[in-house]
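Order as written gives the chain letters A, B, C and D; numbering starts at 1 within each chain.
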């Protein structure tokens, strides 16, 4: 009941309690922040999540292994490709299936395109929350172009359901790789314009640099992952350090926030690491399309998926950092327990401690820079 | 905090230069062509025809080639397909499909039902516009209970299955329907005496939650009704990608291409 | 599609705006502003006391000094002009809303409004009608009286400034000899209205917005006030018309180019007035992503329309102030101030040629003001929003000292100009050339931007 | 350092309180006595050559057969790139596990979730509140024996299944058609007809 008590406005005090959400332009999704403010300065902001809880982990215990794949789309619908991939990899580990190399490459291509699309949303909403409206629309325009490509590949724009246990659903359509390469040429030049449009805008830099600083130790301690962790100066990327799929075959840099405009770990670093990652993803897609092998796109999978008892943890580098599936099998056709460890959930855990002493406008920047997505928090 | 003169005037300078770039970028977009399309009435083609052939729209069933194997029903994770097979009264050897209903309101367009289909009878079309005043009207009935259709006999050495052009059947249905049509009036709920009769509405309940994003926490973890176990068990056994290279997964993508050459993605 | 069944039975044809609607749009786009500006052109010279006296004497055969109805005549005429001016404000803000949405759409690779008439021009009329039909909602716990009255403060603060904003050489309701000070003081009414609306809404967001707006407007009055004194010093008068008359029609005769300090002061004034009218990057009071809609959160219907009217009308006011004080105002090139007097004629009413010249001067002013409004819209769709403390720092640490420096420099400059008038002329030529160079470079930059992005090209179709 | 070596270090330090490493079916784990978990965690994090600084996951698994609720800790070291999986078994009746939030802040929210969905109590946790579910929620849904409460604050969680309802209509129509001469499906009468269970469900 403490949350309900928190909602009471403290009377006879200079402080004011703001219910920052659940419906608010800059809480990405349906999140509530109980903000205790003294004028423009926040005492603290307490995240109050769960408005989008859809009990996906419980559903997994009722639909079979293969049938759960569409549900993973809904875990993080801004970057559904990674949730698919994590689930597929987990079940393949349980079944000890070897995924054919072409399927590995297809997974990498789809995943990196999806990563660009997701980072576009992140950086664009970041700009909007800071108050510049135009960059978001430019980012969404590019995301739409990417969605067209992914749609041509797997038939859906948002909930892809592209991966299958043991491979992927579809092979490349004809002429698709040329379209992708043509688009990447456009996109890489557009990133330069993006920086000139917003990244280096002085107001923007002033709003983000040295704001909401998360030192590296703090980030590790709170279990931040992905761009948030790298923004804090931790040189870690699951794709490179715990390789999976086809990633060992690719050469790509892991951008790390070293204080581009302020100190390492501030909001601008977390933002700009994502901008740089888009470039790296484009590089990966180019390499993958260049040396994609021929062959099957799905391994031989038993018609009844019935793994032996055991438990497994699969780690993939999602757009919001490391996404881990902890699957416990009891030998039946339905998983005994599925646990989805998402980056946004742990990122919410740090907000209360980072938000102390920030201004209300900085809370917006903090939320946006952590790139939380409500469905991924609540699952 | 204190500022050095360098920072002080540096701020001014950086502000001016960064505004110069930003303003020039935004202004330059006045001279470029917008990318938006004016859905629905100002597009060069109907939008459904500009979608890629793999687009997963409404499900379409060609009764002519449906073998009544119920693989799609078993593959569906949320049970939005319901098939009812019976023996034909005329000749007991012939099995007929008396009910083939797809609840498009509940369907999450995952495409898992298309893959196990041996003949490509059930496939995703590129139709997505079926606004309807009543959600009950979003159940598409592909078998007429009054005169059920006989199941299709697959002959092993057939080159292809005589399937109607993808989308034609669904198009016809959509042309015929009235969006404001009255909803079918359902029977009043029965007394909960026979458990078997009470069971059917259950199984979909837990599974349907993620389909509608408005799910309440209250829905978290519905207890699996006994029937749900049966359904989902079938799901697990049947939803694996069809191993045999039947014309199905190619058909899912390929069936549309020959019939719809102009449907290459325009973007 | 060679599958006959999958195409709709009726051949597909995109629907576009019908002809009659195009005609209606053009008529509205030309007729409405034309009518309102024409009314201002005709009425403003008549309501001048001198003209009214002449009318009373010549046409009504009464002695204006003794005739009992003379004040009522003046009051009636003024009421008529006030009605016209408020309508002008409404129409300008409406059209500005449409223009802003359109430009924003283009800057974002969208089309913008495109359904209501040609280019969606009629959308602002539709918006106005919609807002008038909406329920005038007052929150349950709001301070109803203050809540209801707040928009009128804002509207008043905007409308009263129109009294002294010129539309042409003598197209002004009252050319007060303290005109510019009058404007700076009247615009303070706006902040009162905003503060009241923020307080009375009984909403935390609105309260935030109101407090921010108060802090912002009050602190930016100061640099604006100091910057205004630069052209005042150069013209030697506080009256708007006097300041405009002190300049010339050609760019190097404008105050902005007459001395370097004025050049800087113009941008200081522009920035400060942006902040006073709550436009991006100073739109903190209604910061959409922080305070849901700021002090506008709880307003709806007619009162919301009034607030919007004032906000967008202020764009006109500050554009006119900028162009009058620094950009030569209504001065027509190669037409000196004496030409107007010569054309005036001796009749009760000025001659037609005089009215024609006034129309030209009005056109010049409108073009300049439109340019500045354009810049304001353009800034809004480019820049992020600054934080509260940064807003304060900008005002007190940058603008105020700079404005004061400009003031002092101008003071010395004017003293020097008395000794050597040539320096102003030379500076005018130099700065004008510099501005032209910047303009050319900027246009070049724009085309480079388009060429830089692979796959984008200059394409004016679909405008 | 491999998982086995880490496990040996643990055995050396804590003896029998750290169970044997499970035979590596897929991922090996070792069971730790509940009351020692905090010390074990502190040891694993602070020992320089172990330095498991990344608490990747804290998950709860309900095991009615063993009558325990397992709390599973996935630990990883950014420094040494090694990891280990710990398990703590708590009694289902009143599951209590000491918190490791003091060791890894990351455990804060994950333990809150375990408490929320499985009802494991973590003494010493800074604020052990429900995270995902409402405060007045009854029960802990991820337990296997949890039964759905019908609706929440009067909000029903039942949705009519038109497929089943349509089948009932068909049954009725065909029953009548069989009874009388064939006629179009009539408007539904009020008489409830017991519909047989669909064979694919039964």
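In this text, a residue touches a chain if its C-beta (ideal position, glycine included) is under 8 Å from a C-beta of that chain, and two chains touch if they have at least 3 such contacts.
Every value quoted in this text rests on a predicted model; they were computed, and no experiment measured them.
Relative to chain A, the chain whose mean Cα position lies farthest away is C.
At the centre of the protein atoms shown, by the Cα-centroid criterion, sits A. The geometric centre of chain B is 53 Å away from that of chain C, both derived from CA atoms.
Distance between chain C and chain D, defined via averaged C-alpha coordinates, is recorded as 62 Å. Chain A and chain D have Cα centroids lying 23 Å from one another. Chain C has its Cα centroid 45 Å from the Cα centroid of chain A.
Residues of chain C in contact with at least two other chains: 107-110, 381-383, 449, 456.
Annotation for chain B: residues touching 2 or more other chains are 11, 19, 21-22, 25-26, 35, 206, 217, 219-222. In chain D, the positions touching at least two other chains are 132-134, 141-142.
Here the touching chains pair up as A-B, A-C, A-D, B-C, B-D.
Interface residues of chain A facing chain C in the complex, by the touch rule stated above, are 16, 18, 24-26, 40, 127-134, 137-138, 141, 182, 185-186, 188-190, 192-193, 196-198, 201, 203-204, 206-207, 359-362, 364. Residue ranges on chain D touching chain A, taken from their complex, read 25-27, 29, 53-57, 59, 61-62, 72, 74, 78, 81, 85, 104-106, 108-110, 113, 117, 127, 129-136, 141-142. Across the interface of their complex, chain B is touched by residues 132-134, 137, 141-142, 146-149, 151-153, 155, 157-170, 172-174, 177, 182, 184-185, 187-188, 190, 192-198, 200-202 of chain D. Across the interface of their complex, chain B is touched by residues 50, 52-56, 58-59, 61-71, 73-74, 134, 141, 144-145, 148, 151-156, 159, 161, 164-167, 169-170, 173, 193, 196-198, 200-203, 205, 298, 300-306, 333-334 of chain A.
Interface of chain C with chain A (complex): residues 104, 107-110, 204, 208, 280-281, 283, 287-292, 381-390, 449, 452-456.
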